[in-house]
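Next come two complexes built around subunit A: one with subunit B, the other with subunit C.
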Partner chain A sequence: MDKTDAKDQVQVLTKTKIDLSRLACAAPAANAVVGQSLQRTDDLLKVTGKLKYQADLPKEDCLHGKILRSPYPHALIKSIKTDKAKSLPGVAAVLTAADVPGRNGFGAIIPDQPVICADKVRFVGDGVALVAAETEKIALEALKLIEVEYEVLPAVFDPRDSLAEGAPKVHAQGNLISHDKLRKGDVEKGFAEAEVILERTYQVPFLEHAYLEPDVVLAALQPDGVMLVQGPMQAPFTTRRNVAPVLGLPINKVRCVQIHMGGGFGGKEDSPIDLGCRAAVLAWHTKRPVYMSLEREEVTLQTCKRHPMIMQVKIGASKDGKLTAFEGVIYDEQGAYASLGPRLPPAGGSHVHAMVMMAGPYEMSHVKVDAYLVYTNHPYGGAMRGFGAPQVHIAHEQAMDELAALLGISPLEIRRINAFKLGSATATGQVLDQSVGLRETLEACEKSFGFSKRFKQAGYINPKSSKRRGVGVGMGWYRTSIGTFGDGCGANVHVHEDGSVLLFTGITEMGQGAFTVLPQICAEELGVCLEDVRLVKPDTDQVPESGPTVGSRSTTLMGNAIILAARQVKESILEKASEMLMVPVSRLRASQRKIFDCENPERSLEFKAVATACMATGKRLIGQGWWAPPMATLDKETGQGNPYHVYTYSTHMAEVEVDVETGEVAVTDYVAAFDVGKAINPKALEGQIEGGVAMGLGYALMEEVAIVQGYTKNLGLNNYLIPTIMDVPNVKSVILEMTNNLGPYGAKGIGEMPNIPATPAILNAIAHACGGRVRSLPADPEKVFWAIREAGGPPPR
Partner chain B sequence: MSYQFNEFHWANDIKAGQYLQPATLAEALDMLASFGGKARVIAGGTDLVPSLRQRHLEVEALVDVSRLPGMDGIARQGEVVSLGGGVTHAQAASSPVVAEAAGLLAAGAGSVGSPQIRNVGTLAGNLIAGQPAADTSLPLLALDAWVTIASPQGQREEPLNGFFLGKGRTKLDPGREIMTGIHFKALGQGRGGSYQRLAKRKAMTLPMLVAAVVAGVDPGRKVFTGAAIALGPVAPTPLRAAQAEALLAGAPVSAESVAAAVEKASEESSPRDSCLRGSCDYRREMVKVFVRRGLADALAQAGCPLD
Partner chain C sequence: MSNLEITFVLNGERVKVVTAPDALLVDLLRDTLGLTGTKVGCREGECGACTVLLDGKPVNSCLLPAVKAAGRSVTTIEGLAAADGTLHPLQEAFTEEGAAQCGFCTPGMILNAKALLDANPHPQEGEIRQALSGVLCRCTGYGKIVAAVKTASQSRK
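Then we have the complex of A and B:
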């Protein structure tokens, strides 16, 4: 797809160039590879069915691993008898807690989840025993032969109940994992200055990622004692970091190989740790390769979910719409295990992310937020496309609209008055000193969508219809990087004597396009074409530590590392070319397989010829780059500091039709504008946007893991509803490029941003259309129906 | 409360013993008879296969009727439209004969699952599964359809009104009998129909509520000659709102008549509280909306619109 074809969908509206640093390319206009909508490198393999996922790979000689699960949300294990299961023909191993060779615990941050539960189970689905057998069927039969005696304990399912005195303790140390605080200015003073104050509580449920590919892993002990763990994984290094201590091995004796993923959305950051540790323990005991795969219902039972949150908001403004103070309380339900929830200093963790962003992308002098992360006997919360941010956007964006209505000003007006701009200070006191395109996204969205006009036209779609039309806006911001101390990224670039290139990174592909965008950056920097760069698939034995593929960090952090690696090689190339052309290095440029003299472009050499000459004369053709963002800061007591180095900004506008008699909602029109810094591959970016909007729509209208007393009622995709193509409107993307000084070619992260403002934009549109507002998601037909009732019935005709 | 983990479909292979493909209807009936009720007819398998995997059902043999001759036709003879026992949802949804004679049935068949499911699933299977909100059962029930059943004792006809005995149970013995045909009278002059469906998303999901309505009118006198209101899931079986229908028979075509019937239909409905498909209160409210809309729609089609 070339750029012209994309023009009606993707507009590049603004180019603001701020002081170009070393990383932002000197001459963006001349880019031959970056900024081009090149076909994604795996598209053809995917659409022709040739791409192999882990489940497609041969399983000969493998044992099949299965997990015996807890049938109770909270219980003590009194005894386990495995004799009958062990004596079943075809069973190779039946393991209980005592069989774990090393640390019986894993977790992305705190190893609080047992590989095999020893004395206690904490949610329905917790692993009580592991079986490996010659076939999956035998393994399942063996599970039925294991006899476990439980003593059922009282369980706790609401984070507020969990914090109450005398609540059942999920873990011995108590149910409060962390209470974090943000204090800016003096909220009492801020509310005293306010002329209007709004107080609301918003609530969101557990969400399932519903990635297409259920989790699967292969663990195989190698002849040299190395444990190979292979499968789809967003964080091979985190998996390795967990498997090693579980087996009692040093990190260098575990090898994690990532296979192309059928979707992850954050969920496959820690589910491969869970499955990988368990398969590895089975492989360790049996000395045979062990294959474990989860069925869809098991994915829903066992793996992490998007954190549910109860969010209390108090927001004050002066009569003219200027925000004076914000006070928030977040009850972030972690569920049974810590997973990715806890604070990872200084600014990691779901409730910390939520706390930092809760007041929204708006200027305010006085902010106070308390965030509680709490254990319960539910499945556990983990990362899901925005990690803490989608939840709080649902709170602040709805609060902004409700406040605007109280003030009698429009949703656009209140945002125009308060939105971040260059130089604004955030709730953490961070001064946004570069690449702040928030207001620009609002205006670009307004220009394309015509919100102000449509806002006034809302009402019944015709005199006879029960459907009312309405429009809504959602604004958002999202960090690039994860806000922890250890957020570095490494890349290796190898150029060969024929000019071909190998690129080594540990960033994984899950459909987001990393395996296209990263080679694009490498090719651009070296001055070759995309097809000259082959990306080596993530394998912890081959690629440098890269951190996880999360936090919208891949393009930016890894992109920078690739640029630094490529430059080391390019230095050799340019020096050699300088000798060959008798032209100083400073006058040389590399582009599209040619090295040429800027002042006399006719004088040029083939990239390949120069590479050959380098190799022949012993010049270095190997580069290694390492990039970490500027050190994150966040004070433990006040929540003040610079938690993330740069933010992506966005505004979404949605039109909905609400049937006021039934509560049914259809999203009928959609525009989403983003300040992405730089679109490395506009067409791939557009794909991210459309998918993200669909995901945000699901959050708004239908998605919810329905759990009753600890038991999930919708384990399958027949009952856990995500939007179909029939539910998603045409999405128009508008792309703005406010150069990020610290990004490759000026880029910022985009992976998570698109789904974040989508949910509140749709919720605001519903409220505008019908007068009823749903504050506890999802806004399914029944909830919309009762919200309309609560608001006094359908608006008059 | 606890899960029976081994009820999940993946814990089980289908235990079906034999998979038989008869060449004629007589052979199919013989095959079924030889298993003494422990065999099952399979056509599309979209309901049967999940039941088998979840072990809600165990059989010794499956008798595949999808290739029997003469089962896949759709024909109209005079007033009567007949669908063969093997007609799929996709066929019914796209048939001009069905569209002209009973648009509500075409709409219902077009709402089942996804294109893949509609391509293999059959209307007969939908009826025999005996679910309270099957997308084709309700319009057929409202159309006063009747079915032809082949059994070892010969052929018989059963009206659909009274066919459904309980959740998953009908007057057809699924281990011994085969549904060979579905018949109904085309709506024609003075009659109209409507299909109303409420769901949380626009495809691939079971309904929260379906209302299928047929109204007959005398346009000259502006009175109802009859009305049929089929609702689901508001009871263990697809429900005909008989009392509401009785209120309408002979009543003038007016907003008042409709309003009275709407209230009565809601009273006759007793949907369960479901955390996935909505509360009883909400669905009773929706019965009112959908019966009203269904009647209005059907009356307009019958040439006697409400003012």
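Then we have the complex of A and C:
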């Protein structure tokens, strides 16, 4: 069924129907709230400037917290003198490692980063002392008065050097955090069957999230001894889990309150832990609220980055294009601290995520991948919109194109031959038994973009121009959920006697639209309107544990928890309505503030009236939902199992113009198709797609945290370039819905998927346009220029 | 250096404030006057989140000494909607098109777009992009922002 969302012309193609059995009435009307492009609940505040971010809230009585950072990538701390700093008027506290009341370590999963370094620093930016003062200026003055004596140590900056015998040890236990293995079939046999084998190495640098809102936190000790930590944060529960042991408090004596974020993209999973622990320690000592904000340069210096990776690929195919074997090695650079590094069992770590996805969404009998997660003396790696997946897509999608060229078949052909379909087995041996719309996204893209025709037309855009045009394709898949222990989501739904609703969840809003989409699901399930549901903002004292807002899990996992919570209330409502209307519950349906008899819709009651009656007779109006995806399984030795319960699929097609004289690239046309299971809010979904493509474009063409001998050279937005409005073309989105049986209304995750195939689609288009291929990102003008020369110079006119 | 008293027109009303001679307009607006709709993303003139209109022209208030506002007219995002709360057509269009995600760039985007539409009520897409090229957005990919400016320009007679 093809339908167009009339409100805003978002094209949604529904391929499979949702299972109706779980709905109360056998023949429901179309969803009234879910599937609609409703306006975001916080838009009015945003466009009028009234939305308060943490930096906009009052800070009159606060002390200002500052961090003294290591000037060396690797050094021993011989001594620290703080007397002068302490005696500066206006300074409330100068703290060193001994002042940390509890565990001197934090980290999203592995707490190996010192709140304040005691004996050693491991990257430029490591915190060696903390200051709180009456003004920011005094705090900065005080930092200058702290005297630290270091003994500089040799450092490592490349994961391969880091693994070498005799390399300087970043941590005492050694530099290898984890070596994980994937073994499926017998790659030797697979390569013996191949007629064509391609071997390549692809490399990607550190990336900065570059969320527009710099990190900021407020920590305040409450009169009852509870530590309040407040600010933009993607993972309030993870922050709480870290602040508590750092202060030596039980978890219930730390309260984390999330304030609307000016962008996160994975980065504000880690950074609020880092800032929160430090501000909390200062607040603990001074008994005053402490406000800590980072300047843009400090954000780049201190916070986590997208992991750089060196990826070796060997891929074989038979003459007809069927893939026979894939062998990969991943050197995943974790930097100085492990953060989200692996937790066993069963999964975790960007390298593990990269490993299970490295062979791409393609059928193959023989796969072998070795993934190494390694410490270096660089800033630490963290989640950034895909946690390992964007990196390996850059490898496999380029390898597919390079292999297709060797085979003499088109990039679409090789993907058509090998792409996952229903029933395919992945590299981990997981059989994809539902919701696999990958091939459909390819065909939808082709239909809209006309790749095959345009592929044959590469060349100079006109006889006098130095610009050549080309097209590229990128395919991808991405998990919904994080797949590790702790993926459960809780939601509470309270209905009041006037029919108004409060929804409590711990999922955070960072611009992705959770505060609109989650109430939409709640309203749909209860049969009320979006305006009737008020979402209570994440506050660990008020909302149930929801896990972090990461892994494209919010809509899908939390959506299910909300449905379960809403149904508990709806049960009361329908029972009461059944008494009042004298119609069996099985015939009742709730929609748009009415409870009515399906067989005789005239017989109806106002939702409000039924809620009032429930309250008056003591019927339950509070629901509590909990949902966790099926437990992940992944064998430690073979990497076989089901790491995630469902995947989103996508194909992107890009057109570029490459100036062969200068190496400059412009992306001129773009189509991206997704199988999302179900579009809960098509317009918000489209927003995720367009923003994701822009981010993938930045990764392809311009972004790189340039670190030389441990020192970051581009700390500002003047030299860390992100795409501007002049760089990003109009993106056409095509949304397909292949129902996910485990998702709310069939939905799957979408937050991260859109940026993933974008990067290789653009890289493939560049290679198609000019013959030069950049295998070490970014494909900036200089690299494109040299890639063209390496490939034999600009193609003849 | 001693503090200075300056007078200027802020969102249509005369204000008189005392400012340090080296204070930046963005801090005067946010800290002294409590208008926090103007955002700070970089303090280096790169992100455009701090854009305000000075005599109708967009400027990065993180680079502008507050004293430069003396005797001039400053418009911030708080000054766009009518006194009765009626939204400016651009504000209307940004909500309609879903052009704000995290919203941090939104005030800067809207103010740059206002300066454009005031000078050129029916711009081409290229002109819209040019006019907004000083404001970074990490969330939207800009497509819906361009669409919103187009929508607003059409809603003006």
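The rule is short, and it goes like this: the second predicted complex is superposed on the first by the 773 of 797 C-alpha atoms of A that agree within 3 Å, B and C clash if a C-alpha of one lies under 4 Å from a C-alpha of the other, contacts with A are read in each partner's own complex, and residues count from 1 in each chain.
Just so we're on the same page, a residue touches a chain if its C-beta (ideal position, glycine included) is under 8 Å from a C-beta of that chain, and two chains touch if they have at least 3 such contacts.
Everything numeric here is computed off the predicted structure, so don't read it as measured data.
Asks: Between subunit B and subunit C, pick out the one touching the greater number of residues of subunit A.
Replies: Touched residues of subunit A are more numerous for C.
Asks: Identify the partner contact of A:Gln640: answer first if only subunit B is touched, second if only subunit C is, both if each is, neither if none is.
Replies: neither
Asks: Does the superposition put A:Pro71 against subunit B (first), subunit C (second), both, or neither?
Replies: Touch partner of A:Pro71: subunit B, not subunit C.
Asks: Would you check which partner chain A:Ala210 touches, where first means subunit B only, second means subunit C only, and both and neither mean what they say?
Replies: A:Ala210: touches subunit C, not subunit B.
Asks: Identify the partner contact of A:Glu295: answer first if only subunit B is touched, second if only subunit C is, both if each is, neither if none is.
Replies: After superposing on A, A:Glu295 lies in contact with both subunit B and subunit C.
Asks: Which partner does A:Gly49 contact after superposing on A: first (subunit B), second (subunit C), both, neither?
Replies: Second partner only.
Asks: Going by the contact rule set out at the top, does A:Ser178 touch subunit B (first), subunit C (second), both, or neither?
Replies: A:Ser178: touches no partner chain.
Asks: Is A:Glu782 touching anything from subunit B or subunit C once the two structures are fitted on A? First, second, both or neither.
Replies: A:Glu782 sits against subunit B, while subunit C stays out of touch.
Asks: Which partner does A:Thr724 reach: the first (subunit B), the second (subunit C), both, or neither?
Replies: both
Asks: Classify the contacts of A:Gly691 with the two partner chains as first (subunit B alone), second (subunit C alone), both, or neither.
Replies: A:Gly691 sits against subunit C, while subunit B stays out of touch.
Asks: Hey, what residues of subunit A end up touching subunit B and subunit C alike?
Replies: Shared contact residues on subunit A (touching subunit B in one complex, subunit C in the other): 295, 718, 723-726.
Asks: Report the residues of subunit A in contact with subunit B in the complex, numbered from low to high.
Replies: Listed in rising order, the residues of subunit A that touch subunit B are 69, 71-72, 124, 137, 140, 143-144, 295, 297-298, 661-662, 664, 666, 701-702, 706, 708-709, 711, 713-715, 718-719, 721, 723-727, 780-782, 785-786.
Asks: In their shared complex, at which residues does subunit A touch subunit C?
Replies: Going through subunit A, the ones touching subunit C are 8, 37, 39-40, 42-53, 55-56, 209-214, 260-263, 265, 295-296, 510-513, 683-684, 686-687, 689-695, 716-718, 722-726, 728, 730-731.
Asks: In the complex of these two chains, what residues of subunit B are touching subunit A?
Replies: 1-3, 5-6, 8-11, 13, 198, 200-206, 208, 275-276, 278-279, 282, 285-286, 289
Asks: Note which residues of subunit C are touching subunit A in the complex, please.
Replies: Going through subunit C, the ones touching subunit A are 30, 35-47, 49, 76-78, 80-81, 87, 90-91, 94-96, 98, 100-107, 110, 129-130, 132-133, 135-146.
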